[in-house]
Structures are given as structure tokens and as C-alpha cells.
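Common to both upcoming complexes is subunit A, partnered first by subunit B, then by subunit C.
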Partner chain A sequence: MSEIAHRPLGGRILTKPVMILGIFVLIALYFIARRFLFGLGDVSHMSNGFPLGVWVAVDVVVGTAFGCGGYAMALLVYIFNRNTYHPLMRPALLSGVFGYTLAGMAVMIDLGRYWNAFNLLMPWYAQLNSVIFEVALCVMAYITVLWIEFSPAIMERMPPSLRQRYNVDKVRAFLKRYMYVFIGLGVLLPSMHQSSLGSVLLVMGSKLSPLWYTNWLPLLYLISALSMGYGVVLLESTLVSRAYRLPSESALLASLSKVVAGILALFLIIRFGALLAGGHLDLALAGDFRGNLFLIESALFLAPVLLLATPAGRASQRLRFLAAVCLLAAGSLYRIDSYIMAVNPGNGWVYFPSAPELMITIGMVCLEIILYLLFIKTLPVLRGSANQPQGRLS
Partner chain B sequence: MKSVERQDLEECLLHDLDGYQGALGGLTRREFLNYCTGVAATLGLSSTMGIRIAEAATAPVRPPVIWLSAQECTGCTESLLRAYHPSLETLILDMISLDYHEALCAGAGHQAEAYRAKSMKENWGKFILVVDGSIPTKDGGIYCMVADKPILETVREAAEGAAAIVGIGSCASWGGIPSSSPNPTDAKPVHAVLPGKTVVNIPGCPPNPYNFLATVLYLLTFGKPPELDTKNRPKFAYGRLIHENCERRPHFDAGRFALEFGDLGHRQGFCLYKIGCKGPETHANCPAIGFGDVGQGVWPIGIGHPCFGCTEEGVGFTKPVHSLAKVQTFAPPTAFPSVDATKGQGVSTAAVAVIAGAAGLAVGAGGMAMRRMDGKAESPDKSGEGS
Partner chain C sequence: MSINLSRRKFLQGSAAGAVTAAASVADAAPFDRREPRPLAPKAVGMLYDSTLCVGCKACVSACKQANGMPVEQPERLAAWGEGAWDMAEDISGHTLNVIRVYQDGTMEQKDRDKDGYAFVKRHCLHCVDPSCISVCPVSAMQKDPETGIVTHNPDACIGCRYCVYGCPFNVPQYQFDETFGRISKCQFCNHLQKEGKLPACCDVCPTGASLFGLVTDLQAEAKRRLAAKPGEMYTFARGKLGGDRPGHEAPLGHYQPHLYGEQESGGTQVRYLTGVPHEKLGLPKLPDYSFAAVSEGMQHTLYKGMIAPLALLGGLVYLARRSVKSHDDDEDSAS
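Showing the complex of A and B:
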């Protein structure tokens, strides 16, 4: 592990992009304050018919899938023992840390009676038959595990005085010895709650369009989370290495692309197989809103499979990037569709997120990017190269 | 369970079913077996049990029944007179041997009393004792004298030799009207004056005759009382709250209440909870079987009057008729959402603008990032749209 030279990028923190993103964060903070002062109805369009709005569908369901980079890479590196991918591990973990932590924050904004949330941790209130309960506990646990997994990067950079004061070296030694436990948990927990996010939809029953509803939803959610995790790794390492002129991980990414294509093909086979078996595939060609959504989604899923099918496609940085973008768009659309757009609770309920609601979600994403940039600049996350002792200093 | 049914079926096949022709009050074999199977269904038993009930009902020696009346109004008997499957005459002439009943005895005076004494002596330990009415206990029970004897003593004496004891009606089951405050005679239910004895209670004012008939037939068939609840009421009849099976329950859940007799809600058949219906705290099968054999909906709540809780001790004759019931399942909220509440909010221009802006930014940034890829241009990309 130690032979990989992770190093902070350094450089100015308050760059122009950060300041622009910061404005969106401030707007979001304003609406979050309104939500806590005046209640959910003041900023959100959520209703009894649509209790799961854009905060759940995007911030939690899509957000945690984006955060599955750490999960997907851990599966590859530690479980399947592909140590060559190790350099991609820390950045992936970092996106996981923020994806999940901010999803947790979004839930606290989304909960109508957030002050009761601590009851989740009271064993005597546990409702073990509830899917949402499983998701809640599991996500809480995983957020903790992610921070523990990432903590060596923070501890490496602690000033020596602090290190001595809090006995950090002992903690580091302990973590180094028992990290496998947390890595194990870090693979187990997302497998549990990402599939549970699909089980939540099983509970929706006939509210969900038959084009999305299948008994395989938990598996489909698990696979799509994995593929989105790899998608994030592809996207991030490409963007970051270009933006900060870091050594390209091209060779690694090309072989990783093969894995991605395989997983996506599996996803499509299960999805279409289930639809065929259920006899609902004809709805895709019905020409209505949901049918068209399904077609767009499927096209976006199919595109990366085709793009990454050939060695030439996998070798091209541009096509890889395009595939990753398509894949993430497909996965996000799949999740938003199945949580909001393909849901019809009946009785004439309608939902479209309000502008303040969307601004909170956008602010969250911006905050995530700002924090990501801050962390890679100040903490040893990315791999440096020998002939380039420092990243771009700007 | 399956093997039991199989055994029963085999037993049935061995039995001479044609023998039932004309067995009971001139019923044909088909009518008779129909009726017995119906009784089995009322009890929630397998249909093959009908045969065993038929056997019991046609046994040559009909089980003797002694019916004692204490402080009562004969309402329970009146209710029984209005049973049609079977009718009372079928019951008392063909199924049981009703050896003593003040209202229905052919004999009178000393003759009737002598026959009761004789029957009890002959059938000591075998007869079924039915009591209606509550038992006055004040001043040695002198407030209800039958044949010069306080009914308290008569009941205690008869209970000693009874194979089973049934208390019919609310008075016998928990005290009923006579026990209501100020209770001048210190009236008590039957089980209270017979400590140590199991009294099967069939409360109701009057009780549904079929709850009584089904219990008696169960006793005859199996030789033991049906499953009872903590107040010794048969569970098949008193296991559930009226509220649970009430046909007006959907109105309760939706918050549609009659607020006074004859108002719009009352005329529409809304829930009667707010004009004092005690269905939410009263256990009985009234909504399921109705009264008078004239079809569904014929019972107090069905015809627009709130239930007054006759089967439940501490509710009927105790609570004011129009006071609110204490809801045992869950209470309705004080305010219900109005029926024309908005059903969510749709698209707003600002929201579309926000989404379009974000999507445009993402596509644009992605396009810009891609434009420079695979070329050798190493110019830094400003895009941060990574996650």
C-alpha cells in the first residue's frame, strides 16, 4: 500500500469555479434555513401522494449510487484481489464519503419530523420488517465506515503536535491492522442498502409502472449501483488527471471499462428478460410519456455497452468519457424514473419539484464538488508521479 | 386437521343418512342436513361437522334443559321465539328436552315446580342449566321470589347438578339493567353467585338467538363449551369489536360522521360515532349476522341508531347513550384533511428553468471536456462537473 505515493495536489483553494459553486451553496443554505423555519411545505412540492420527492430520488438514491465508487473499487481491489487498480481507490473512496454524507444530510432535511430520527438507533423501536429502516441503519453505518476507511488519508496529514496529543499513531497502527474489517463492512453494507433501495420500490406495488416494476428490482438496483460506481471512477479520474495534469491512468481505466461493459450488459439482460417474462415489454412502444422515458433510458444504458465493446473504444479517452457520462446519465435516469417519474399514486396526485427544492439539491451537489476539490488539494488522495513532484499550482 | 376431517367423512359415510328423513319437525333429510351444516358454518367449523351435529340433535334421549328466570324481562325468550333456523319449536321439541321454562311450560304452579324437581333429580349431573336475568343478592335475595324461594337459592341448587351453565342476556352475563346504579337489589350476574363454576355468557339485550343456539348445539355436540374469552363469552360470537366489521366503518376512517339525528350525514348513512355509537368498544357479531333473518343491514347501526353497547359490561346501561365511545382500536384525528385538498403541485416555470440550466451546464461542460480529449492539447479544463 505504502509504495503508492499519494500526495496532496496543493494549490489555491478559492479558485473561480469554487466561488461560482459557492454561490449555489449559499442559495441552497438560504432555502434550507427556510425549510427549518417554515416547514417542508414552504420550499417543497412533496405531498401525501408523493412523499418521496427530488431530495430522496436525487440526493439519496442517485447520490449514494454516485458514492458507490468506493464500494465498486473495494469489491474489485480487495475482494477480487485486483491490486493493480489500487491507485484509483482513494479518490473513489473520497467521492463515496461525500456522496453518502451529503445523502445523509439530505435525509435530515427531507424528514418531516427530523427530531425523531434518533429513535432509529433505539433497538426497542426497531421495526425489523421495514425496508426503509434497513436502508436508514445501513446507510448510517456505511457513512461511519467510509469515514473510517478514509481516515488514514486525514491522519497522514495531521500536524505532528496534534498527532502526539491524540495518540494518532496508535490509532493508525490499529486501523492498519484491522482495516480489513472495515473494508469487509464497506463491501457488505452497500450491497445491503443498494438492493434495499430497489426493495423500497417493490413495496410501492402497482403505483410503479410495470416497465420498471419487477421482482428483480433489488438486483437491478445493486447492479446499477455497481456500474455507476465504476462510471464515477472512470469520469473522475479522467477529469482530474486532465484538469491537474496528473499521470493518466489510461491503461487501468481501459481494462476497468471492460468490467463496466460486462456489468451493464448483465443489467440489460436481466431488465429486458424480466420485462419479456412479465409480458410488459409492449408498453415500451406505447408512445406515451413513460414508454418514451424507458426507451431513452435503455438507449443510454446500451450506449456505453456498445462504446466499450471494442478494444479501440476502450482505449480512446474520449469514448471512455462519453461512455461514463452515458452510463451515469442512464443510472440516474433509471433511479429518478423509478422513484418519481414512473410512479403514479392514483387519485390525481401530481408532483414536479419546486424551484427552491431543486436549488437545495443543486447546492448539495455543488458542495460535494467543492469539498472534493478541497480534499484532493489538501490531503493525499491522488497519486503523484516521480517526475512531477507537484500538481498544478494555480 | 386434514386427518380429522377425513375421519369425520368416513364416519359420515358409515352413517345412515337416509334415516334423517322426517327426523326433526317434519324436515326432509335434505333440509335437515342443510340446517345442521349451516349451524356448523355459523360456528366456523368444517362442514363435515354438520353430520355430527345432526347425530347429536337426533339422539333418542334429548338432553334435558332447565331454564331459570331471575330479574329479567323475557326479552331473551322473545328473541329466541324469533329464530327461524331452527325455530324455537324445533329446538325445544326435537333437539333438547326443555323441562322447565316459566314462559314456555305447558304446566303451571306446583305441577311445573314438581316436574322441574323430578327432571333435575333424574338427570342430576347431565342437564344444561340456562339462566336469564340477574340475581338479586340484597337481603338474602328476597327481591326475586319464584315458588316461594329466592331465585338465588334455586340457581345455586340447580348449578350443583348441571353439566353446563349458560347465562343468556346481559343481565345474566354481567348484570344488565337491574345492576345499573343505584342497583337497589344488589343484582349480580350469574357467574358472580356461582363461584368456581364455568358459566358461558351470551350477553346482549336481547342476545342474538343464533349465538345462543350455536353455543347450545356446540355443547351438545362436543360436550364442552366453545372457546371462550376472558369474560367467558364464546369467541366465535364476541371475539371482535362491532367497529371492526361495521358496514359504516369506511365512513369512520374517512371522517364522515352524522352529527345529529336526521342531518345530512345521518341521511347519507355516515358513521354514528359522534352521536354516541358504542361499536368501537363493544364486542359482538351483530354486523356480521344481523337480526330477524330478513337480510343484511338489519341491526341497530344498520337502521341508523348508534349501538348502545348492550353486550359490554360498563358500556350498556352505564354510559349515556349519546356520549362518545372510547375507541379501542385507534381514535379518529380531531381534524381530517378536507376532501378537496390539493393533490400535489405541478410544474412551475422557475423549476423548469433550473432543471434546464443544470442540464445545459452539464451537457456543455461534458462537451467541452470531450472536445479536447485524445488530442495532445494539454490545456487545462475548467470543468468541475465531476460528481
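Showing the complex of A and C:
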């Protein structure tokens, strides 16, 4: 076992897929430039009926949930002390680093008065009743914590001369000693702001369809973030082990799937329980747009519970993969619906993102994938046996 | 076969579990609403009487002048009037108030639901318990502690647009068409009031449909109008209730028996008397509490004195430390 360690994958950086993704990043950059030159209305279809569009609903609300892999795994590995899952920790952390950092960038594009953004950190402007204030501070702090948690992987690969000049080994020793503080923060902060992304919607009241509006929104958001975090870990480890022919973590993933099925079932119980209590469940069968959205969501949430309910289902790589895809789709749809599609501001307002608006979102996702690939190739993120040749293409 | 059997068992078990758990969710309320906010001691407001409004839009143009806002024309009408005539269809980043019209069927009679028409004025209602203030992360929205006027400070504003998103009346408007856009909203001509003047819209209203005054006085006046007999002659004040301007005599309208804004969203300082049901005039049906009290109730329960998060952090750090130690021990023994 001892020769199995984190190591860089190696291999070429500028592969064809990376270049294709790069084209999308360039397209996004063009529209981002337009947004800063001509204003939000030039590139987006946001309006005063729908002042939040895909940049918030997808890049931030869904994006950070995809970035919850590190959070979900830290909870399992360090809080519930399941060290067996440790090999999944670093790749999960890395997806968190990029999920959150790029969500932060998306916010800077989305803010209508971005030059005032530092006011968030000025105590005399702080508004402690604001849920968004809490989310903003927590996300900023968490991005910092994520980079700190990931930094050992970078420092391990620094050239010795640099390491000596900047006393890196001392920093490393310090971090290693006190990492548990950052791990604690790295679990607390997402618990706070992921639940708060649900609390944000409490102020929407009658603008949000009763199928989504419930006082349990914070808890539902927290559970969905956790489940999506585990979903990302399931998906990612399957994809990476296939693409780069790494040893599969099948046994680990099978037992992780049990956890996933459990928390998804909890999500469904709370959601339907609240709907029953509020007497709004009949709206699900109304046959209208929002009722049908709710049904699709619920089916997508239920599917992974059923797929992962049995040992045979959990042991099958294919079914696990399918379950992960369903649950990520379910969580994403739930978040986009509650922020945009289930919202009715009245007065005939409608919203569908414009092409440039979508291109910015797509470009950000492409950038995320490029950076992820770059990091796993150059930094010790994935686990592999030391006697295996470097990289797949070498 | 064994898969099917165990799956069925699982489903039966979980269905039973789900029903019990759902029942307990139904009983439990996760938190209480925050206490409603009281009306400011010298709260000023407006009584808008839709039956008095003649749709002249003098208020719209006076508002533009008082607040330095440009004339707005929808693109399809741009060739018309050559920018001299304001044709804003709703409030926007460049229009703080607007008169809209309700139309039904033949539009024979004013202030009638069926085959009638009616006017309604749209601008900030200056909530007693405003959602925009509750959601704003940087205190850009402020409520005057004396007058209760809700103002906006663009120097603080980061443009996150949660005030637009959270306002139950869709009042704050971001300038999406500007490179350096800002939030626009009616501030009740705060700058004029400081000089002892009336808000521009109430100042120019020829019929007193927009009537300025203390909220408590306006409330009593509205109740008087509701209590009187429809069609009876009544003296309507103009400009400011209790001011020195002469009023005018007119028959009382056939009001809906509801003063909009008395209860809605925890009360608003701008209140509406209408001849047609308020939902038809774009005034939404709302509960008698502000949704801000719901979200703040949640936050105050979870984050009271930051005790729960700090306690949680302590527990997490302790557990993480224990785990890190035991993981290190594993590694040491393995090597």
C-alpha cells in the first residue's frame, strides 16, 4: 500500500480538447469585455423582473454546489473520521477550489457596481440582517480556506531553490501542524453559506411558487449541496480513472454511494413533508409549467435513491455513474428552478438567457475544466502507484 | 430476483419511514418570524386615490424634473415626439413613477371592473418593514428613523440587485442599459422635503389623487372616505393633507372596501384606495407581515450572537484534530 501516493499525471498540457475548450474561453472573454464596456444589458437578458440570471443561478448557486466535493469529503474524512476515503480528498478539494474561485469571478462580472465591491469588507457598510452579506463573506473566506487546504499540493512541487528562498518548508510545517483549524473552517463555512443560499429565497415570499417556497429551504439547500458534493466525487473519480487508466476506487465509491442515497432520501422526505404540511402538493399535479418542473425534479431526485438502494446497484460502476448524473441534474435543476424558473415577479415578466450571457457561463465552465486538467497533470492530486509509468501518453 | 426483492423491501420500509418523518416535519416550525417593525414616529406617506386620478401624468413629468431623470420612449415610438414626450410604460432605471391604466372590454366607465378602466400610480410604497433594506449587504438602502422614507445610497451600492429581486412590488430598478448603472427608486423627494417642500408628484396633482401627509392622518382620512356613502359630495384635500391649499368638491367614488397598504407586507407608508380590485391594478395580494421578517427570523435563530456557528466550529476543529492525528498515526505505523 505504501507506494500508492498522490502524484502528478504528467503528459501534454495543450491537448486538442484543451484547445477546443480554450476557444470557448476566448468567446466568453469577448462578451465579458462587452459587458464592462457597454453594461449588463448589452450581453444579458436580465431585466428588472428577473434581475438575477444564469450567472447567479448557474455559475454561483449551481457552481458552488458542484464545488462542494471538498466540503462533503472533508466532512466524511475528518469529521466522521473515515480515513479510508482519504484518496478521494485531493481531487475533490481541487474541484472545490475551481468551482468556488470561478463563482467568485462570475459574481464580479454580475455585480452592477463592481467598483464598490470592497464595501462588503468595510465594517461601516456591513448589514448584519442581510443573508447575502453572510453568503458573500462566507464564500470569500471559504475560497481562501480552499486554497490554503490545497496549497500543500502546490508547495510539494515547488523547485527547491524557490522553496529555500521563501522558506516554504517552514510554511508547510506550520500548515501541517494547524491544518485541522482550516479543515474545521472548511466544513463550517460551506454549511453556513450553502444553507444561506436557501435562506436568501425566504424573502421572495409569494414571488416564488409554493412548490419551492418553504421555511425548510435552508436545510434543503444544505442537503442538496452535500449530495451534489458527493455526486461530483462519484462522477469525477469514475471519469478520471477511466480516462487516465488509474486504479479504480470502486470499493470506496460503493460505500460512499450508501451515504449519498441516505441523504437524498432525507431531502425528499423533508421536501414532501413540508409540501404536505403546507397543503400545496396538489400544485405538483396541476399540469402547468411549474408543476411539471417539480415532477421532473422529484423523479431525478428519486432515481439515484432507487439506483443506489441495493448492494448490487452500489457495486456497479455504470449504475453509480448514472445515479451521480441524475443527482447532479436534480440538484442543479432544483437550484435553477428556485432561483429563476419557479419565480414569478408578475407584470408579465419573462426571462430566458441571451446567447452572449450563456457563452460567458459556458466559457467559465470550460476554463474550470482546463485548469482542473492542468492541475492534475502538473501537481500531485490523483492517487497512483509509484511504479506506474508517468501519464497515459508517455 | 434478489435485487428486486430487497429493493421492494427497501421501498416498503422507506415509504413507512417517509410518512412518519413527513408527519413530524409538518408539526415542527423551524423558526419564528422576527417581530414586525413599528411605524416610524413621524412617518410621512401618501394616499393615492385611484378614483380621483384623471391620468394627466403631471406627476410623472414633475417627478422627472425634480429628480433629473431623462424622457423615456419605447423604441417603437422613438420617431414620435422626438424625445419631447415621456412615454415610459413602467417604472425603470430612468423613471421613478408612472401612471398605468387598467382596461376592460368597452371601457365605458371609469373605476369599474367590467367594461371599465382605472388608473394606478406605480412607485416605491415605502414599506414599514422593507425587504430591500433587509437584503442589502452593504446598507445602501436606508430607512429614515423619523420619517420612515426609504432612501438609496449609490456610493455604498455594489449592484447585486437583491433589492430588485426581493421587493414584493418590483420597485427598485437597475439601469441595465448603462455601463455604470445604478439602482433607481422613488425616495419620496427626500431632497425637496428637507427644504420644506412637498414631493413633486403630490405637489402638482390637480385632484389630490396623490395626497401627501402624516401616515396616521392619511389613514384616518382614508377610513373617512371608506365610511362615507358613495356618490355623496365630499371635499378632497390637495397637495398636503391639513395644508393650506383649497380643496375641491367631488362625488365620492365607489371604493373597494379595502385600504391597500394598511396591512400588506407589514404595512406601507403609501396607501391605495381603488375602485377596482387591487390585484387588477398590479398591486399583489400579500400577507400582513413582511417576508423580510421571515428570512431575518431564520437568520436570527441560527446566528444569534454567533453562538451556534462558533460552537459548531469548536466541535469541528476538535474532531478534525482528532482525525488528523489518528490518520498520521496510521501513516507512521504503515511506513
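In this text, the second predicted complex is superposed on the first by the 386 of 394 C-alpha atoms of A that agree within 3 Å, B and C clash if a C-alpha of one lies under 4 Å from a C-alpha of the other, contacts with A are read in each partner's own complex, and residues count from 1 in each chain.
We adopt the following convention: a contact is a pair of C-beta atoms (placed from the backbone, for glycine too) under 8 Å apart; a residue touches a chain by one contact, two chains touch by 3 or more.
Everything quoted here is computed from the prediction, not taken from an experiment.
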### Superposition on subunit A - do subunit B and subunit C clash or fit
clash
### Message
Just to be sure I read the superposition right, which of the two partners does A:Val168 touch: subunit B = first, subunit C = second, or both, or neither?
### Response
neither
### Query
Does the superposition put A:Ala243 against subunit B (first), subunit C (second), both, or neither?
first
### Query
Touching A:Asn347 in the superposition: subunit B (first), subunit C (second), both, neither?
both
### Task
State whether A:Gly49 touches subunit B only (first), subunit C only (second), both chains, or neither.
both
### Message
Contact-wise, after the overlay, does A:Ala274 reach subunit B, subunit C, both or neither (first, second, both, neither)?
### Response
second
### Task
Using the touch definition from the top, say if A:Leu306 reaches subunit B (first), subunit C (second), both or neither.
second
### Query
Which of the two partners, first being subunit B and second being subunit C, lies in contact with A:Pro17: first, second, both, or neither?
first
#### Entry: subunit B or subunit C, by number of subunit A residues touched
C
### Task
In the overlay, answer first, second, both or neither for which of subunit B and subunit C A:Ile362 touches.
first
### Task
With the two complexes superposed on chain A, say which partner A:Tyr180 touches: subunit B (first), subunit C (second), both, or neither.
second
### Message
Once the two complexes are overlaid on A, one stretch of subunit B runs into subunit C. Is it 91-99, 163-171 or 271-279?
### Response
271-279
### Task
Go through subunit A and flag every residue that touches subunit B in one model and subunit C in the other.
47-49, 347, 349
### Query
In the complex formed with subunit A, which residues of subunit B make contact?
337, 342-348, 350-351, 353-355, 358, 366, 369-370, 372-374, 378, 380-387
### Query
Quick one: in the complex, what on subunit A touches subunit C?
1-2, 36-41, 44, 46-49, 51-52, 74, 77-79, 81, 83, 86, 110-114, 116-117, 119-120, 122, 125-127, 129-134, 136, 179-181, 183-185, 187-188, 191-192, 195-196, 199-200, 202-207, 215-216, 218-219, 265, 268-270, 272-274, 276-277, 305-306, 309-313, 345-347, 349
### Footprint of subunit B on subunit A - complex, ascending
16-17, 21, 45, 47-50, 66, 95, 98-99, 232, 235-236, 238-240, 242-245, 316-318, 321-322, 325, 347-355, 357-359, 362, 365, 368-369, 372-373, 392
## Note on the structure
The residues of subunit C that touch subunit A in their complex are 3, 6-7, 10-11, 14, 17-18, 21-27, 29-31, 90, 92-93, 131, 133-140, 154-162, 164-166, 168, 170, 172-183, 282, 284-287, 291-292, 294-296, 298-299, 302-303, 309, 312-313, 316-324, 326-327, 330, 334-335
